[in-house]
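Each of the next two complexes has chain A plus one other chain: chain B in the first, chain C in the second.
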Partner chain A sequence: MDEVKRGNAVSRFFRVLGKDLREIGQTFVQGDWKTKISFLVMGFGQLCRGQIVRGLAMLAMEVGLLYFTFGFGWQYLSKLLTLGTVETHKEGRVTVYGDNSFFILLYGILAVVAILALIYLWRVNLRQNREAEGLLARGKRLPSNRSDLASLLDKNFDKTLLALPVLGIFIFTVVPIIFMICIAFTNYDVTHQPPSKLFSWVGLENFKTLFGIGGEGFGGTFFYVLGWTLIWAFFATFLTYFLGMAVAILINKKEIKYKKLWRTILVMTIAVPQFVSLLYVGKMFAADGLVNAYLLKWGWIKTAIPFWTNATYARILIIVINLWIGIPYTMLIVTGLLMNIPAELYESARIDGANAFQTFRKITLPYMLFVTGPFLLTQFIGNLNNFNVIFLLNQGNPKSLQLSKNAGATDLLVTWLYKMTINDSNYKIAAVIGIMVFLVTAIISLVVYNTMPSVKDEEGFQ
Partner chain B sequence: MKKILALLLALVMVFALCACGQQAAPAPADKPAEAAPAPADKPAEAAPAAAAGTLKIWVAEAIVDFTKDQVAKFVEAHPEYAGYEVTVEPVGEGDAASNMLTDVEAGADIFGFPQDQLARLVAADALIELSEENAALVAAENDAGSVAAATMAGTVYAFPLTSDNGYFMYYDKSVISDPSNLEAIIADCEKAGKSFYFDLRSGWYQPAFFFGAGCTLTYDTDDAGAFTKCNIDYASENGVGAMKALIALAKSPAFVNGSSVSNATNAAAIIDGTWDADAAKEMFGENYACAKLPTVKINGVDTQLGGFGGFKLLGVKPQTDEAKLAFCDDLAAYLASGEVQLARYNVVFWGPSNIAAKADPAVQADEALSALGQQLAFTVPQGQYPGEYWSLAEALGDDIIGGKYNDADDAALLAALQTFQDTCIGYAG
Partner chain C sequence: MKRKKRITNTICYVVLILMSIIWLFPFVGLVLQSFRGESGGMVAYLVPKEWSLKNYQYLFGGDGKFLKWYGNTLTIALFVSLLQTLVVICVSYALSRMRFRGRKALMNIWLVLGMFPGFLTMICLYFLLKTLGLTEAGAVPGLILISVASSGMGYYVCKGYFDTIPKALDEAAIIDGATRAQILYKMVIPMSKPIIIYTALVAFMAPWCDYIFASYVAFGYERGYNVAVAMTRWVWTNDYQGFFTRFCAGGILVAIPVTILFMCLQKYYVEGVTGGAVKG
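The block that comes next holds the complex of A and B.
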């Protein structure tokens, strides 16, 4: 099934491309001399036909992009395949800096992007010429400059609105992602740091190192960390979810007094910034921290409990402390939703003789799962990357000789990645791990999202 | 009207995106803006008048004002450098090295750093070697350990600033009767319900046991600062003995992992350095006392604990302009001279590395410094170690504290040390 789909996509791509190329050819052959010159000087046809605004815009963009690519970007673009060859060297005691692989890669990517944009604009330019010719041939009038401009606030208002956001996303999100993906295929690490050292392309070498088991590879550690990341995300998400729901239901009971007081107390944990509370709680459970000190003083234990130095204790403790932070959030969300469930449902269930657990299982839970399905998914993804809790509590420790590359028993992929870049300047492997994090979250999101009742059966609860 | 509103909202969104985007990807977004103009600007700045420009110094926060005063004094005595505008910024020594490595071109021209960062800095070309006359001067005026620490493969890369980066024991006189023996200290602590602090997790403190037992762990480097060879014999009878002593220590209820007085609660003894002298004095009050590290029974023999002797250094960044390089050289040499070292001791109590400054009576009378002085006789000058070593030592420490080897026999300990040793060797070459 998938094979057929992919085949379709590929063949559709080539069909569209073929059609496009044919149209470009036709535009040239059938077009008048204005159109033909527009193949080289973008906007020429539009200018000659009186569409000054379009013509000037096209021309300006061509000049700008060409200047960026070949005036400024060429010095980087020309070295993109090698990432620089001139090493930094010394003349006497004076340093002469050579190529900077970092800038070559960054501006090289920008130049490639500029070329792609140019090709796209060139295509738009041809299409405009062809359309204009068509209109003139049928004896119609071309849209005037005034109507072109006016359309930006009317027919084409979507484009006006989206222009800046798209540009922003592109510069601040898409380009860095492309850059990071490229780093995964280079040897940018502690021994290859610009500006004094060059780095270069190494193909799939880093992926081999990450997945390799035995020898240079540290696949064992990678899968260990990945395993804990998934376990953590699972418990952190579902324990807080169900316990939060339990607390909300409990407080919602008619018999409970001072509802607002209880809610306020729980919400206090949200009011204190996590940076403060987590650091404190982390210290509280240290070997000489508050908890151990009191347990020792009261004589309940003889030696301090190794909360943070024993891998299993540390993992359990982190999940428990996360409950304390996570429950209030779930409680707040669930409290609102509980009030939305029609009371008649509960009433009729009671008349039918259902007990509290049955009403929960048959009415409350399905409703909650239906409404909060997407929320649970984002929570899960968020927990996969929950840097704060892990790092502020115990920095991913304890480490072990059995784990390579600085990893600890409570490290998530992201905290491991962080340590790798900050402590070891191992950017290449960090980039590979970044790609892996993306793959894990993407796969989980897609699979779960498509099987969620709220997506499959949108009207289920209406 | 609605459309204008929508447009405004879209703009707001863009700004929001910009803000988020920058956070997510600081490296590509920030760097070009900051660093790109640097290479173009610098030569242009310095070219017209030989003695004009800016010079940036990074030192630890405690000595920022002191350094400012000294720079002013130096420029006064050398009017030929008056055209330079010197800024002194507080950057912790550990951070200085990482900041330099993040962006050499934007980094300080003169910066202080602990000598364990020397290899990283040389490898990244963030340090320029000393001129021949300065190198000779440094070698003649400072103690051998500090000179060795500033040297890599026969080349001197930095000026020694202090010779006080080592550890010894602060203790409570009223609790500990015999500070010379670890077993007795632990027994005293357990009896009094107090704690003994030692940072078993740290690659800096941990070797006290291994080096004491006679093991070695050093790295050879080439001219470029790359590690070529690891000399290590942890996987040996001595190593196993040291490991057993560490495990025994970790098992004691009195043991707490740590080396910072400010974090210590209920301490009777703590293995720490001179930087915590004031805090330790305050904590122990009139029972404050200092001693060299104790002995410990390793393979049945009372063995003096060893460790690292450490040093603070002052380095100069590679320069693209000759006149500025000369100023950097002279200023750094002045800031590291014996006279300034003694002045610095009088302000912030940093133990000097300069031989003449060391002989000063005020320095001689310092209790903590004299305990350190005794201990330094049993230490190895700390050479260069790859960054990964420090993490690996934490891993070994975590395994010991976590009780992984509590029931292990000699063969298992030897196997663990073999792993450690092989990994250390793997970092070289």
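The block that comes next holds the complex of A and C.
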């Protein structure tokens, strides 16, 4: 089924491309001289026909993009395949700066993007010319400059609204991601750091290193960290969810007074910035921290409990402290949703003689799971990448000699990635780990999303 | 029957009181430690032996660094909150109310982009900012730029809310001769106050916790730090020359305004997270 779909997509792509090329040819052959010049000087036809706003915009974009590509980008673009060949070296006592692989890659990608944008605009430019010719041939008037500008606040308002956000996301998210994916196929690390050294393409070398078991490979460490990342995300999501729901139901009980007070106390952990609360709580459980001190003073233990230096303790403690952060959040959401459950359901359950636990299991829980399915998924993904809790509490420690590259027992993939970048400048492996995080996230999202009841059966509870 | 109920209630209250103690304990500890006169790291007792204001005096007096950091963070938070809200409103309106070519594709691409871990692109962003001259001394505008530039992808909650405003209202307005722009700022924005406040509040609170990227961008340039970077360093220096208690005092100064703001706007926050949770 998927095969067929993909085949369709490919053939559709080529059909559209073919149609496009034919239309471009027709535009040239059937067009007047104004249109023909527009093939080279974008916006020329529009300017001649009095559509000054469109014409100037097109011309300005062409000049800008061409200048960027050839005036600035070409020196980088031309070296993109080798990432530079001349290393910075000394001639006598003078330092001669060579190629900078980093900027070659970064600006090379930007130049490619600029060329693609230019092609797209060129196509739009041709289409506008053809449309204008068609309108004139049928004796109609062209849209005036004034109406062109006005449409930006009305019919084309989406373009006005989205232009800046899309551009921002493009430059500061899309280009960096493309760049880092490329880094995963280079040998950019501490021994190949521009500007003094070059780095170059190495193919799948880094993937082999990450998955390789034994010797130079990080395979053992990678699967260890991946395993803990999944365990952590599972417990952090579901324990918080069910306990948070229990707390919400408890506070929601008819007999409980001062509901607002209880909720406010719990919500404090959302309000106080995490770097304050988590750093303090982390210190509380240190060997010389408050908790150990009191336990020793009361004589409950003889020696300090190694909360952060024993791998198992550290893992359990992190999950427990995460409850402290997460329960209030779930409680808020569940409280809001509990009011939506029809009261008649509970009423009839009570008449049928169901006890509190049965009503929970048969009414509340199914309803909650149904409604909060997407929320659970985003929570799970969020926890896979939950940098703050791990890093502020104990920086992924305790470290172990069996793990390579500074990884610790509570390191998630993202904290390991961070350490690779900051401590080891091992950018190539960091990039591969980043791609792995993306794959894990994407696979889980796809699988869960397609099995979620609220997606399959939208009307279930309505 | 009545006795059983009373017992259940008592248990409930006991659980709630115990939970309250656990939840408030770290904050009480933080406040008490911030007034502690004795130097050193965390100590084995909660109530300070010598009460003093010297930790706060250090923060306000001396080299004035803390005030600079505080100012940096406040500037970032205010700008990010304002600009991010604007961007999110624009994107949400376009995606919710308008139908244009490539709308679905745009939403899908953004969804996929969101699956890449944020720190992956850290080095690249750093060099992009460096090219623009926005690192170290320019760390504050640099951080604002980075936060705002990608904020369009966080449109989900806001768009979900816009979707619930009936389309018939738009059509009526268009018949009355309103442009799309007028519909946005005369109708949709006034009707979406809760969600706009939620967006602004969340955007305002995030920069106070920003440690990772802020520490990277401002690396080595102390005056460009925000409070999270500066004070995390205090805790981790491990030379307990009074920096732990200063951290506590600074933490209180950071937490108080943010907490008060949050508590005042809690109603809107709850509405936002609940709506967001259901719609995904």
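Definition applied: the second predicted complex is superposed on the first by the 456 of 462 C-alpha atoms of A that agree within 3 Å, B and C clash if a C-alpha of one lies under 4 Å from a C-alpha of the other, contacts with A are read in each partner's own complex, and residues count from 1 in each chain.
Assume contacts are C-beta pairs under 8 Å (C-beta built on N, C-alpha and C of every residue); 3 or more make two chains touch, one makes a residue touch a chain.
Owing to the predicted nature of the structure, the values given are computational and were not obtained by experimental measurement.
Once chain A of one complex is fitted onto chain A of the other, the partner contacts of A:372 are limited to chain C, with no touch recorded for chain B. Of the two partner chains placed around the shared chain by superposition, chain C is the only one that A:445 touches, whereas chain B remains out of contact.
The wider contact with chain A, measured as residues touched, comes from C rather than the other of chain B and chain C. Judged by the touch definition given at the top, the superposed model places A:247 against chain C, while chain B stays out of reach.
Of the two partner chains, chain B and chain C are each touched by A:164. Contacts of A:320 after superposition on the shared chain: neither chain B nor chain C is touched. Of the two partner chains, chain C is the only one that A:417 touches; chain B does not reach it. In the superposition on chain A, contact is made by A:172 with both chain B and chain C.
Of the two partner chains placed by the overlay, only chain B lies in contact with A:94; chain C stays clear of it.
In the overlay built on the shared chain, the residue A:102 is in contact with chain B and with chain C.
Overlaid on A, the two complexes show chain B and chain C touching the same residues of chain A, namely 102-103, 106, 153, 157, 160-162, 164-165, 168-169, 171-173, 175-177, 179-180, 283, 288, 293, 422.
Contacts from chain B toward chain A in the complex involve residues 3, 6-7, 10-11, 13-14, 17-18, 20-22, 24-25, 27-29, 31-32, 36, 39, 98, 101, 104-105, 120, 123-126, 128-129, 131, 195, 226, 253, 256-258, 263-266, 318-322, 325, 387-388, 391-392, 394-396, 398-399, 401-404, 416, 419-420, 423.
Across the complex, chain C is touched by residues 102-103, 106, 150, 153-155, 157-162, 164-166, 168-169, 171-177, 179-180, 247, 250-251, 253, 255-256, 262, 264-277, 279-281, 283-284, 286, 288-290, 293-294, 296-297, 324, 328-329, 332-333, 335-337, 371-375, 377-378, 381, 385, 387-388, 391-392, 413-414, 417-418, 421-422, 427, 430-431, 434, 437-438, 441-442, 445 of chain A.
Of all the residues in chain A, the ones that touch chain B in their complex are 88, 90, 93-97, 102-103, 106-107, 153, 157, 160-162, 164-165, 167-169, 171-173, 175-177, 179-180, 190-191, 193, 195-197, 283, 287-288, 293, 302-304, 306, 309-311, 397-406, 408, 422-425. Considering their complex, residues 5, 9, 12-13, 15-16, 19-20, 22-24, 26-27, 29-30, 41-46, 87, 90-91, 93-94, 98, 100, 106, 110, 112-113, 115-125, 127-128, 145-146, 148-153, 179-181, 184, 205, 208-209, 211-212, 216, 228, 231-232, 235, 244, 247-248, 251, 254-255, 258-259, 262-263, 266, 269-271, 273-274, 276-280 of chain C touch chain A.
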